[in-house]
Every structure is written in structure tokens, then in C-alpha cells.
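The two complexes that follow have chain A in common; it is paired with chain B in the first and with chain C in the second.
After this line comes the complex of A and B, so read on.
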């Protein structure tokens, strides 16, 4: 039996202080970074805000997706863990706000991360006219872009709110009506998510390299989002168990979480490589630009990220014993979490600061006027914010739901 | 005294599980169980070790990867350098992305076939092999537990039989072997 004092999560003081400290580091780094960043329009600073904004938003959105998936597929084993995912998608409004700030600043021409936001490229009589971008005008016009933005925000936030509200109601009311409501709503969310997971990747990330497009990009970003979400959930579950919570979560649950990390890592590797190989093979100028930029300036970085994200989970997590071992789960998880952050970095930075960032001293050495250290601080800051929001949301409801119809089955989960 | 084999039949998987638990906790060793479907949770009770098929599969697949690597290098680079779509054909590594699909497929082929053949060999169920099934009804809706006296030397045959009859037996046959 679960002890009563462990049914509710209390935010440990030490963790609260730590996450606050991380946020403070982030705030200081953002201010100092802005001052030291000498790139045009603080492009470097804004690019980092976009990376951090999107990365943690993606963890939260991945949680919302996984939550809906559990209901739509009538999954029993994860019933005990549903509050973990609810807490993770509680970060959605914050993540969306950060992304929206970056996009709004681009629309107001405070920075030029998005080439297509410049109205001159659409004007045939202007010197900056760009035919390729102008041809994409129907999709990348301001009104349609912002309409989509509003639709995304409403969809994600309203679904998240409904899931959370019904989940808490279920604790009091019981019965199966709410469960089937969640089931139907979960399936409906997946319909929206199937489209929006791709379009948010096009709108917010792929449109940075406006001349380029890839049909695999949406799935590539989506799979990265899913991996980071599963990693964060796994680490959080292990941490909670270490602190005496979730006593009914056994090694089989950890094994399943490990399987998700492993499987989705393979999905990510598959999509990354498919995108790369097809572009490499056909060698069409409009497609290779993406990898050309990365090859010129970040070749070792790009391959190192792919190697880590594929080989580490493949060779370490393939065995059953590793997936049932919390040490492996948390350590491999931490490596992959960082590595997927760098993967997003690699998706954003080359297109936004146009190869001005060199790893080492090259012919562009004079461009290293900006302070790279603020990137670390910014990441830590957002990590602190994410942890704070998630753990805070975790205190707001019972840690383990009481009336979930599949709770008993989840407790007896054995594989 | 001749060795005896007990074929204990049950008509329900839950009765089988209860019986297995009762007998093994009394120190009786169950040699094997014949069942129309995998009974969840039975393996640890009767002391069946975890299968090493996954490890074998990993080794077969690795063999496949290595063979495919060697093959692509020999066919496409060393023996007769092939120029496909203007891709570099001087070294293997320059052309590696083009070889990854075949390496992947061949790994899967070797892993899957190796695993299937190993499974059939290890179980003695290759096509044409004689069935070791004591009763054909275990392929339908009955469960048979096999207990041999040779493995339960600390117990008399009568004692063994009375303990077995203490479970919810559907049918019991005792033979010499």
C-alpha cells in the first residue's frame, strides 16, 4: 500500500532553491549575453532564445502527445504515470509564450532570423526581391502565419486544459464516463497533432532556411521532441522513486519507459538518416544547401550529434538489463537530452547566423565577438524554469490518480 | 526401481499456475509444461531461465552488418568500382550513405533468419522433426505438466503422486521410461 504522505508530491526545498538558482543564472546570462552579443540585431541571442524556447516547448508538447496517445490506445501500464505527463504539459503556455515572443520580434523586424518576414523579398521591384521566397508567399504570408500560430496555441492549450480538468474530476467522481471522454478527446487530439507537429516544425524552424525544404523535416523534429519528452519523463520517474514516491511503479514500468527512449531514438536516427541520405544521393542544388551550410562550418558537430543520438541508445539501451537499470536510464537519458538539444541547435544556428560561428579559429575568427558562454547559461535558465513549472504542477494534484479504470492493471504491470 | 514420468493434465491455466506454485514450493522439480499458449508468469515458477535468443539475434545481425560492409566494399569499390549517379567510388567511406540501406536490410535478414532457425533447432520443431508432445490435446485446450522421478530423487514415487493428486488434476498418467 502507498503511504498517505506520499500520495501528494511536495516540492523539496532544496530542489526549489536549485531550480530558482538555475533561473537566476539564466536571467543573468540573458542580460549579459544581450550586452556582449555583437551580432547584427542580436541575431545570436534571438537564435538561442528560439532554440531554448522551442526545445522545452517541445518536451511539453511531446508530453501532451504521449498523454493523448495513452488514452487513444487504451494503454494500461502508464495509468499510474499520467500525472507526470500532465505536469510536463503544464509548461506549454510558457513554452508557447517564449516561441511567440521570438516570432513576434521577427515580425516586428527586431531581428532577422526569418528571411521571409522581410516584406522586400516579396516585392518584384525591390533590389532584395527573392523569387523563390516570393513563390512561397501564400503559405508564408504574415496573416496566414499568425492565424496558424493562434490555431496552434488554442489547440494545444485547450486540449491540455480539458485533459487536466477531466483527470482531476475523475479523482473525485470516478466512473468510466470521464475516461471515455478522455479517450475520444485523446484520439481527436492525435488528428490535430498529426498535422500540427509537422507544420509547427515548418513554420518555426524549417522556414529559417527559407530557400530549402524537406518533406521529412516535420517528422524529424517531431521524433526529437518525442525522445526528449520520454527522457525527461523517465528521469523524473526515477527521481520521484528515489525520493520515496511512486512506490507501485516497478522495474517493468521503467523497462517500458526505457523501451520508449530506445525505440524513439531509433525513429529519430532513421528519420535523420533518411533525410540526409536522400538529399546526399540526389544532390539537387535546392536541397543540398541545408547540409552544405552545415558541412562548411559544423561538419564534425553534425556527425557527432548523429553518432551520439544513434549509437549511445542503440548499443547501451538494447539490452533488457540496461532498460531496467535506473543508472543506465538516467545517464544515457542525460546524454541524449543534451545531445538532442545540440541537434536543435544544429537545426537553428547555421541558418540564422550564417556560418559566422566557428568552432575553432578559422577565416571568420574575427566574428567570434559574441560570448558563447551565455548559451550555456540560457539553457540552464530554461531548464530551471521547466523543472520549476513541472514540479510545481506536480504538487497541484494527487501524484497517483485514484479512479483511473486501468490503475489496478498498471499496478500489476509485469513484463 | 525404474524411473517414472508423470504427465499431469490440467484444464485451466490458472489451475496449472496454482499447481505449479504448490508443487515447486514443496520442493518438486517440474521438468516441462506443454501448453497451447504461453502462460504468463509460469516461467519463473518452474525455474525456466530467460531465453538467450536476443543475444544470439544481436550476434547474427552484427554478422550481417559486417558481411554487408565487406560485400559493398568488395563489389562496389574494390573489384569493380561502380559510378552510380556520379557518387565517389574511390573509397568505401565516401560512398557509405549509399550502402547503409543494404547494410541495414542484410542485418535484419541475418538477425531474423538466424533467430528463427535457432529457435526451431533449440525447440526441436524443425519441419519433419518428431513431436515430443505427450498428448495432442495440449495443442487444443489442455495443459500438461511433466514431472520425472529422476529429478526428484529425494521423494518416493508414492509421495510424489499423492502431492500431485493434491492439486486440481484433470487427468494423470504415469509411465516408465
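After this line comes the complex of A and C, so read on.
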């Protein structure tokens, strides 16, 4: 059985220091980046904030989705891991806050990531009038847009809070009533998620390339969200096991986590390819602009991201042994985690800075395509914040949910 | 010994032993054919013959006997094709994807679902093959050398991809189904007293002896085939969707088509599985193996896939407006308010609204309600393809060329005929084949059998 002192997770001092150091790097990069970024309205800086804000928010939202899915599908093997996902979705308020700051700044015209937020494009008498964007006004009007933001935030946060509260109550009370409550609420969450996972992708990402549209877009962003969540969870589980926790998590559980990383990577590749192929094949001007913009400055990057996100999991993770090997899981996981970050980068940057970035200090601004130190620094900062919030949340409850009715089946999981 | 969580409902009800399972499933094959079966088979065969008659007339007289015209060049033919291919998705999903997910409840339903898949794919093939007009030239779709008399097929065409996707899917599904049947055929062979039948089942079972080595190989090959079949479940209907989505016809070209078609296919496939199994479990007395929990799970799959399809419909509708493209928006306005709006609303009601009734536990665990809704879903999914195909092309870019489609007696006869052929094949299967994977079921008896689970018997 699980040893008592390992029922609770304690945040190791060293890891705490590391995550704080990463946050410090992030803060310094953001300050220096703001000074260096000479692009109009610090567009580049804001675009990076959106990427990092959305990326880690998406990992947390993916965790909430997966958690609900485990209940709705009556899954047993993951019962021991549910605290991991709870800790991950504890980041939701922080992620939402960062996204909200970016959107609010856009609304206040501090930056122009979202072209449609400019009122002039909706005004037929103005020189900047854009008929296509004006046509989208009913959906992209400020009040409706912000109403949606409030509904998203409330939905995600309230569901997350309820799941967490019942989960901790179950530790104390036992029984199966709370389990069935979670089951029903999990299924209900999936209904909201089915719609909102698409609409947040339209609202926060697709609307950057305001003219462009693709019906697939929401599902494609969702698959990326799901895969990054599974990767982070896998790496976290391996790390906890290496530190002596989760002793009842065996190779079959790791195998299952690896299968999810593999399967969702294939789902992402499938959706990416179908979207690309159908747009390329039919070659309709309204649609093909999206990839034209990417081809112009980022063609190699775009294809490299697809190649890595598809080929690495396909060739490495297809084998049973690889999915049971923690070295493969963590290394392939790290590669894919980064590569999916770049995938999101590719969704935001081409439509916001169009390959032209003015960068430098004082009078010495020059044109470059990207500023690597600033981007790496900002990513590391948010990674540090995410790790800190998740591990901190992990200390707040028992690491193993002792009264989960499927716990025994999970402990004997063998495939 | 491993026991599943006590809150799970047992998958095999009652006090069954290994011998009971064999008796329950092999018994009907050994006995004389029941009267109901003879009546049902006769009716199905008559309908099938009518369909074959229509096909023969079509081949003799030409494609002009269908209602197609210069504007609507694809109508019932392709609708039926996509409908049947869609139905042919559940079997391989159940056998392959649910095997990878280690879902034990699949063991009660996979055999007949796979059989259904194979027959449905055969019916699907009828339509494009005869649509070629000169059906004796069908081999031209194969990549044969030019000296052979045909030109190389056009690999740029999604129709060509269909040939490969569907034939691969069919072959793998057939092999998968057959491998699963081998141990069960051996069980029948070992019990059979009629010498000629014993010989037939002996040949069919490939000398299966039930040794541990055979079982190891059986399990290995099942996993490998599941791994191969899973991407095929996705690829077939994705490529079918590309028949439309690679075009520039508004209403056909949407990037969401591939995953949305796959979901719709699983949706209709499960509906057809339910229609068939609800009758089969009753007439063959399989209530202990296919019980309410199985039906509830299948109904949940129907809610999930139906809702995904619903989200896709609304996404398409929304984006057609959001795009600001005149043609794109008109295609959808015409869909819900044009001359074919009745079919659009039929589709919406049957596919999006009616499955939501399964949110009520009372409805998803009610046999009559499930039976009715499974048929409603199949009707809805036929209309979905009709809506996509006919309403999109009957009014395209040139208003002068707008038109409508009216099916002829041959259109209708061929469609009904394929239903007859399908049911004839399925009834033959139910008579001579083990309809449940009986040897696989035995592996879960002690884990999930009711009497074992409750520790009454042991």
C-alpha cells in the first residue's frame, strides 16, 4: 500500500527555487523586450504575451476537459492520477487573466493584434472601412465579444471549482454519491466544452486573421490543447514517480498516458493535414491567404512544426516499449511540448507582425523576423509560473484520492 | 484475481457457465431454422431480387434511367453510397478502436457489427461501380499499365482515393472479422454432429486447436490489425468527404468535412447496429449478453457523435455567414429556406435534436425508444447526405442553370434493393455464423459475470 508520508506531496525547495528563477527570467525578458520592441504599439511583445497566455491556459483547459472525460466515460485506470489533472486546471484563473489582459489591452487600443477591434474598419465613411470585417460586426461587436468572455470564464472556473470541491469531499466522506455527481457534471461540462472549445479558438485566434475563416479551426486548436495537456501530465507523473510518489502507478499507466500522447498527436496531425490539404487543393483566394502569409516568411518553420509533431510521435511512440519507457516519454514529450508551442506561435505571429519586426535599443532599431532571447525568456517565465501554480496546487490535497470507487481497479491496472 | 470495480454493472447477466455460453450461441446454428427466420429471409430476398432487377435494367438501359440531370449530376446514387459507407463504420470502430481502449462491453456486439460493416461496404460499392455506366470497365479504376487498354487513373481525383481507401478498409475489416471467427468456428466444428457441416466448419476454422500458442498469436494479430484498422476508420470517411470538400462548390467545400463525416459515420453505424441487435437479441435470446448496459453505452456513443455532428452543422452554418462570401452564405440560406428546406429540417430534427433525448436515462435504457430512435437516426443520416449533395448543387454559381432533382423508379428501386441484399446477407450470417464472439466472451465471464462478481457461485 501507499506509504503515509507519500500520500501528500511536498513542494521540493529546489524545484520551488527553480520555478521562481524561471519566473524572474521571464520578468526580465518582458521588461527588456518591451524596451527593445520598436514595432508599432509593441505589437510583437503583445503577440508573445497572447501566445504564452493562451498556450498555458490551453494546457489547463485541456486538463479540465480530460478530467471531465474520465468521469463521463467511467474510466478506472486514471483514478489514481486525478489529482494531477486537478492541479493542472488550478492554473485556469491565471491563464484566463493573462488572456484577458491581452484582450482588454486590444479593446483599449493599446495594441492592434485584432484588426476588428479598430472601430474605423466598421465605419463606412472612414478611409479604413473594411466591408468584410464590417460584415462580421454582429459577432465581433464589443458587447457580445465581452459577454462571451465572461461566460467562458464563469463556465470554466465554476466547473473547475465544483470538481475540485467534490473531489476533496470524497476523500473525507467516501461513498458513491459524489462519484455519480462528478459523472453527471463531467458529462454536462463536455457539452459546454464542445461549443466553447471552438468559439474560444475563433474569438482569440482565428479572428487575428480577420478576413480568413476555416470551419476546421476550432477542432484543430482543440487537438493541440489536448495533446499539450497529455504531455505535461505524463512528464509530471514521471517526475513524481522519480521523486518517490505515486508508487501504485505502474508501467501500464505510463503506457496509457503514452498512448494518449501518441493518439492525440495523430489526431492533431490528421486535423492539421486535412485543413491544409483542403485549402491548398481548392485554392480559393479567400481561404488560401492564410497559408500564403505563412509561406511568405515562415514556410520552413511551418513545415518543420508539422513534420516534428507528426513524425516524432509516429515513429518513436508507436512502439509499446517506448510508451513504457520514462526516458522516451519525457524526451519525446519535451520535444512535442515545444513544437506545439511553435504551432500556436505560427497561428498568432504571421497575422500580427507579418514578418516585419523592428527591434533594438535606442536609435538602433533594425528589421528582424524574431528575437529569440525575448521569446525564450518569456516562454520560460510562463513555464515557471505554470509549474509553480500546478505544484503548489498539488500540495493542497492528498496526492491519491483515497475514496475513489475505481481506485482498486486502477491499482490493478494491467495491459 | 483481478476484479473490476464493484460499481460497474456486470456484462454477462445471470448464472452462466462456459458451457452455457457455448450452448446459447452455437445452439441456434445446430438446430433447424426457425420459421421467423425463413419468413424474414424470404422477404429480404424478394426485395433483393427486385433491386438486382433494377440494376440489370440500369446496366442495359443506361444511367439516363436515373433522375440525374445536367445540374444535379449526383443525387440518390452518391447519397446511398455515402450512407452505406457511413453505416459500415461502426463495426471496425467497435472491433478496433474499442479493443485498443480495452472496452470489454464490445465483446458482445463486435461480431455482428463487423458483419454489418462488411455487408454495408459491399452495398456502398454498388453505387459508384454502376454509376460508371459501363460497369464492365470498372477495372479501369485500378492502376494498370497503359498497354492494358486503359489510361492511368487520375491520382489527383478524390474519387480515385476512394477506390483505394474503401478497398483497403474492406480487406482489413474482412480479415479482422475472419480472424475473430476462427476460434468460434473451431468450437462449432468440435460440437457438430452432422458430418458434412462438421467438414465445412473444419475447413473454415483453419485447423485451430486452441493451444496456448494459437491464443497468443490470435491476441497479437488482433492488436496489430486493430492498429491498422483504427487509422482506416478515420481515413475512409475522410476521403469520402473529400469527394466533396476538395471541390469549390459552396456547401461542399468546408475544411471541417473530414472529421465531421467520420463522426457522422460512427453515428449512423451505431444506429444501424442498434436496429439490428435489438431484433437479434430478442429473437435469438441473447438478453444475458447484450443487455441494457450495452444498449446504454451505444446510446451514449450516439449522443456524443450526434452532438459532434450537431456542432459541425452549426459551425458550417455560422462560418458561411462569418466568411462574408456571398456564394457561401447563399448555399446555406438556400439549405434551410430553399426548395429542399424540408430535407434540411428533417436532417436537423433526426440527427441533432432526436439523439438529445438520450440524455434522459429512462429513454436511453428503454428498448422501444432506442429502437425507434435508431431508425430515426438512420433516416436523418440519409437526409444529411441528400442535403449536402443535392441542395448544394441544385443551385450553384449560375442561376440560369438552376434545377431540381426527381428520383425515378430505378433510383428508388436500387436503394430499396440494396437494403434487401444487406438484410439477406445479414440473416444468412445470423443463421450460420456465431453471432457473438463466444470465445472472447468467455475471457470476461469471471471478471464481469454477474454471479462471479457478486461472489454467489464462487
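Note that in this section the second predicted complex is superposed on the first by the 401 of 415 C-alpha atoms of A that agree within 3 Å, B and C clash if a C-alpha of one lies under 4 Å from a C-alpha of the other, contacts with A are read in each partner's own complex, and residues count from 1 in each chain.
Heads up, the rule we're going with is that contacts are C-beta pairs under 8 Å (C-beta built on N, C-alpha and C of every residue); 3 or more make two chains touch, one makes a residue touch a chain.
Note that the structure is a prediction, hence the values are computed from the model and not measured.
Q: After aligning the two structures on chain A, examine chain B and chain C and state clash or fit.
A: Pair status: clash.
Q: For A:281, using the defined touch cut-off, is the partner it touches chain B, chain C, both, or neither? Pick first, second, both or neither.
A: Touch status of A:281: both partners.
Q: After superposition on the shared chain, which partner residues are touched by A:414: those of chain B (first), chain C (second), both, or neither?
A: The answer is both, since A:414 touches chain B and chain C.
Q: When both complexes are superposed, which of chain B and chain C contacts more residues belonging to chain A?
A: The larger set of chain A residues in touch belongs to C.
Q: Applying the document's definition of touch, where does A:179 land relative to chain B and chain C: first, second, both, or neither?
A: A:179: touches chain C, not chain B.
Q: For A:194, select first, second, both or neither according to whether it touches chain B, chain C, the two together, or no partner.
A: After superposing on A, A:194 lies in contact with chain C but is clear of chain B.
Q: Superposing the two structures on chain A, identify the stretch of chain C from 202-210, 274-282, 328-336 or 400-408 that clashes with chain B.
A: Stretch flagged for C-alpha clashes with chain B: 202-210.
Q: Which chain A residues contact chain B in one complex and chain C in the other?
A: 281-282, 414
Q: In the complex, go through chain A and note every residue touching chain B.
A: Per the touch definition, chain A meets chain B at residues 273, 276-277, 280-283, 318-320, 414.
Q: Under the touch definition given earlier, write down the residues of chain A that touch chain C in their complex.
A: These residues of chain A touch chain C: 74, 76, 131-132, 135-136, 139, 176, 179, 191, 194-195, 198, 202, 211, 213-219, 259, 266, 270-271, 274-275, 278-279, 281-282, 284, 286-287, 405-406, 408-409, 412, 414-415.
Q: Hey, which residues of chain C end up touching chain A in the complex?
A: It comes out as residues 2-8, 100, 102, 231, 234, 238, 242, 245-248, 253-259, 307-308, 311-312, 315-316, 319, 322-325.
Q: Along chain B, where are the residues that touch chain A in the complex?
A: The contact residues of chain B facing chain A are 40-41, 54, 58, 85-87, 97-98, 100-101.
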